[in-house]
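As structure tokens, here come the structures.
Both complexes below contain chain A, partnered by chain B and then by chain C.
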Partner chain A sequence: MKTFEYTITDPVGIHARPAGLLVKEIKSHAGSAVTITKGEKSVNALKLMALMQMGIKQGETITVSVEGGDEAATAAAIEAFLKANL
Partner chain B sequence: MALDYRKCAEEIFSHLGGKENIISAAHCATRLRLVIADNSKLDIKALEDVEGVKGLFDSNGQLQLIIGTGTVNKVYDEFLAVTGLTAASKADVKAAAASRMPLWKKILKTPGDVFVPILPAIVASGLMMGLVEAIPKFVDGFENTGWFGFLDLVANTAFALLPVLVAISAARVFGGNIFLGAVIGLMMVHPALMNAWTVTPTNQPPVWDMGFFTISQVGYQGHVIPVILAVLLMSTIEKWLHKHVPEMIDLFVTPLCTVLITAFATFTIIGPVFSIFENWVLAGAKWLITVGYGIGAAIMGAIYPLTVVMGLHHMYNVIEAGMISATGVNSWMPIASAANFAQFGACLAVAIKVHNQKTKSVALPSSLSASLGITEPAIFGINFRFMKPFVAGMIGGAVGSLFASWMHGTNMAGETVSFGATTYGVTGIPGIPAVNNVPMYLVELLIASGIAFLITWVIWKEDAPAKKEAPAPVEELPAEPMPSVIRCAAGEILQPCKGQVIDREQIPDETFAAGILGEGIGVVPEDGIVIAPFDGTVTSVFDTRHAVTLEKDGMEVLIHIGVNTVNMQGEGFTAFVEEGAEVKAGQRLLGFDREAIKNAGYNDTVVMLLTNSDDLEGVECGLK
Partner chain C sequence: MITIQGKGVSTGVAAGPLYFYQRAKGAFTRHEVEDREAEWLRFKEAQAKAIEQLGELAEKARAEAGDEAAMLFETHQMMCEDLDYEEAIEGFIKEQGLNAEAAVTDAGVIQAEAFAAMDDEYFKARSADVKDISGRIVGILMGVVQGGIDSPVPVILASDDLAPSETVQLDKSKILGFVTSGGSGSSHTAILARTMGIPAIIGVGDQLKEEYQGRDVIVDGGTGSVVLDADEDTRARLMKKRAEILKRQELLNQLKGLPNVSKDGQEIRVYCNIGNPEDVHAVLENDGGGIGLFRSEFLYLNCDDYPSEEYQFEAYKKVLSDMGGKEVVIRTLDIGADKMIEYFKLPHEENPALGNRALRICLNRPEIFKTQLRALYRASAFGRLSIMFPMVASVWEVREAKKMCELVKKELTAEGIPFSDEVDVGIMIETPAAAVISDRLAKEVDFFSIGTNDLTQYTLACDRQNNDLGRFFNAHHPAVLRLIKMACDNAHKEGIWCGICGELGADLELTELFLSIGLDELSVSPRAVLPLRQKVRETQVRVVREKLLADLLRDKNEL
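Take a look at the complex of A and B:
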């Protein structure tokens, strides 16, 4: 399993559109199960609704865990996406 | 293992950067909602680790700690105990967070905020006092029994020392130390000062000669506004000193200076200014009731409750006593009675009409107390808070007073009056044995309270119930059911907003149009209301109130108002439902101000997406 942390810098946090884009990005890496954790809550990052319901805001740190598939590549791609969009 | 609520509250408090950093606290079904002065003083990491805190986020100026149903209220109670904060409703927290209220509204709101926490004390006392004082009017000689003396003591304690209660409550409202607040309140009714109720033109309080100025040795019994002002000043001084005095000497310098400065300001500025004002009101009232044709009486009947709000009504004993010694008839009393009884009528209307059980439980005893002549609970607890009943009471009081003055013809200065009381200090029902024309008096009370009751009944409407109470769906269902716009194997999804339905591809936003968030449609809105597209569950309401998610039979739906409207931070958006609400198709979910969206430069297309359309079968979008 590969894990990394990321602190959201986008002023409005993970709202509808970036959440959708993030889900899309993760979907493109079939074979990897991705979990996003904030505090004690964890969600399957493919579940758009669950992701949006976490209400992740600017300044909050999330932990992304990738399991299965090409873990390193998936994690790198997600991290790049987060840096570019959030 | 059961959560240790006290420990949880203490730990939360320890990471909030001190009491001064907490502006207010409230809770909803699952979260502890705090308004924080300076977020940088928070230890977010530590807060997340507190046992019992399941998560936290900061939105709209509120720090929200997720604690859980059934637990949050207990943690909240402990939190209040730990911090010494006053209980704030969710609305108060919102108000503090928004702080956008115009100044005059804030000023009008303050007496209510101060009075609400002390209502149990004054409702009980008001009712008891009314009853105890009424008994001697019907039972001869009761006032000479030990029973009367003792019951009277029990009943009037809260009123005789009202400034103490007001001061403590005001200190909480203004964020001062409540014990220092208590000292200020106690000082204002100190036994060494002459009781304000006993002051008459011939019985003036002594003064302390301070060399170049004097301080009148008179108490503030029955006063409200000067006490609130004094405590406001005290809290301001205290907070300023806390900030500027070095910590080492803060503990003795700050309270000492706070109390001393406040005491001087109270007795040399607030008190005297108020006393001048009181004398004006007294002179004004004396002149007013000599204005002929009942006009003066009517005006006095209208403004009487205002003088109660100001705490000036204790001076009227002077007028009443003067009338009795001059003519033997107290024609002031019917005016005061009409005014007081009208407040009873208005309060009773609220008590009967209101659905909120808490308001009802305050309104009913308050109105009874008002019918016995003790109007403070009704005025401060109900009528003045909602304002419209108060105004209705003023109108009722005016008409009742007008009637009373007509009953003895025109009352040009010096003419003998024929309708009034033979004693003073009683109004309402206890006034019945005191008047010289009982049927006339009863008619007057009926007119005053009846008018106030009817006006209140017609013009006063209860504020919309709190969001979490599901609004009655019946009224909100549109006349015609909305057409289906998305269909799949799991069911149908109806149009969520009135207007023209457009294809997903035409939504003026790439992400939505490309279907990244799922299949769906757009609506060019005609009005500013988003309604539920099916009978289902609200799974989340965005803090910015511009989007909501719903679920039904495995269909996950996102309804998003406008494009990029997240940047409006909730301004112009209203939520009618809360997370977890069960809704019926057609029930209102969100409201939005189309003008505001337009002015902010955004497109207001309402987007509805089936976010898990990939997992569902037979998804079809658009009108049939």
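Take a look at the complex of A and C:
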């Protein structure tokens, strides 16, 4: 399992558009399961609505865990995505 | 070829395939299904269809407004196959045996409530997205076509009638015209059609059959006819009419807003004749300067008993307020002769045109007259009203009618009901007697309006309903034209205005003469306003005046 932390900079937080794009990104990495955790709550990042319902806001830090597939490559790609979009 | 007759409520001619508006058959029912696996597959198919539709919308948005705009639909696509959402639906169908429509709706509600409970406005608003996609999938399950029209080419849209929400969602670029089996002139379909400037025909009833779907049809909103598989002659005739209407439309655009003034600066007011409050839209659309004749009979013809003061008041008030301060001349009840009404229980007459009609009935039955005048004066507070009495032959009749007006005003004042102090009272000049004594009548009233149809029939002793009279019924007869000039001259001597509200007003062969006589107003059907304006604007009154007035002294047929 590969894990990293990221602090959201987008003023609206993880809203529909980047959440949707994130789901797309994860789907392109076959075999990797991605979990996003904020505080006590964790969500499978493929679950678009659940991810949005976490209500992750600007300035909040999330933990991203990647399990399975090419974990290093998936984690790097997701980190790059978050930096570019959130 | 099949011709169906309805009521035209928006003019124009259009041709295209007939297409029945596709809608769900009411709300879905919630029930248990026998074959849960099949129901699940039914959902999966609808889900795939929804994703496909959203993909099309995304591409359309991308082409029109770029990637950002497309993203909304792409997000909706992803929401359609959201894992939690789908899992919930799967559970409802496979474990509880719920039908797909109910399952999708319930799963949508769960997600929508989760968003609605969030403390951020942005996320709260996402509950609408969930409802939207659920609605889309349910619609597909129920066989609804988004926007009601699924056709690659524009169509003549057929339906029973359309609900306001349905008219809003219609893809307007796909509609050439409307045909409805039910509906009314003020239905949303009619209003939409007039706004779009396309033909609409309502009330065709069960002649409109779903089996006609896709057949070639030509609709004529002017006559209210719907022609299926028109033969060559009919098609040619209607297409020619269509071309003329388009030309008129062009004329309208050029002449709209321009004054009715001759080349040498003589102005004439061009008003409209209407018979129904719904006609006001046509007056405004054709740039009529006011209403010169509002026939109040429709109120009586639409009822099974005498229309109440309140009912009449609402109708008059609507017209006056819709006209937004432009003058509206309302003619008091004009029945009898050719317009009989059952509940008036008028005795049979051998010669009704010369019988108990119009103002004569009102003066003999003051309770009917008073109800109408009360409604009129009450409505006067909402616009610029003028009242006109029909079928006057003597000065005493006018005085008696005016006395009734005074009585009504006194009553309203005593009751504290508001009305305007500036209501003009005028009469129709439609009997030869009225024209001949117009010098005396002009002292009694604020205006004259000449009813040329009756004036011609009475002057020439020619029944206007008798088609065999042909050449004897000559509305251009110098006797009629001289009476018009006499009434107009006498009006001007007393400083009041004189107009025409009969058919002759729109007769472009006479426009130059009417300008030469110096008529102040012509009231014509709304469609005739702009052609008349064009004629007025082409005329040099100074050049034609002398000859035309001299011609009044002889009949063209003498030449």
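Methods note: the second predicted complex is superposed on the first by the 86 of 86 C-alpha atoms of A that agree within 3 Å, B and C clash if a C-alpha of one lies under 4 Å from a C-alpha of the other, contacts with A are read in each partner's own complex, and residues count from 1 in each chain.
FYI, contacts are C-beta pairs under 8 Å (C-beta built on N, C-alpha and C of every residue); 3 or more make two chains touch, one makes a residue touch a chain.
Remember, predicted model here, so these are calculated numbers, not experimental data.
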{"item": "Partner chain(s) touched by A:Q53 [first = chain B, second = chain C, both, neither]", "value": "both"}
{"item": "First (chain B), second (chain C), both or neither touched by A:I26", "value": "neither"}
{"item": "Contacts of A:V66 with chain B and chain C, given as first, second, both or neither", "value": "neither"}
{"item": "First, second, both or neither for A:A75, with chain B first and chain C second", "value": "neither"}
{"item": "Partner chain in contact with A:R17 - chain B first, chain C second, else both or neither", "value": "both"}
{"item": "Partner chain in contact with A:N44 - chain B first, chain C second, else both or neither", "value": "second"}
{"item": "Intersection of the chain A residues that touch chain B with those that touch chain C", "value": "12, 15-17, 19-20, 23-24, 47-49, 52-53, 55, 57"}
{"item": "Chain B partner contacts - residues on chain A that touch it in the complex", "value": "12, 15-17, 19-21, 23-24, 38-41, 47-49, 52-53, 55-57, 59-60"}
{"item": "Interfacial residue positions of chain C with respect to chain A in the complex", "value": "71-72, 74-75, 78-79, 82-85, 111, 114-115, 118-120, 122-123, 126, 129-130"}
{"item": "Complex interface listing, chain A residues touching chain C", "value": "12-13, 15-17, 19-20, 23-24, 44, 46-50, 52-53, 55, 57"}
{"item": "Of all residues in chain B, those that touch chain A in their complex", "value": "48, 54-59, 509, 511-512, 516-518, 539-540, 542-544, 547, 549, 551, 556, 558, 560, 566-567, 611-612"}
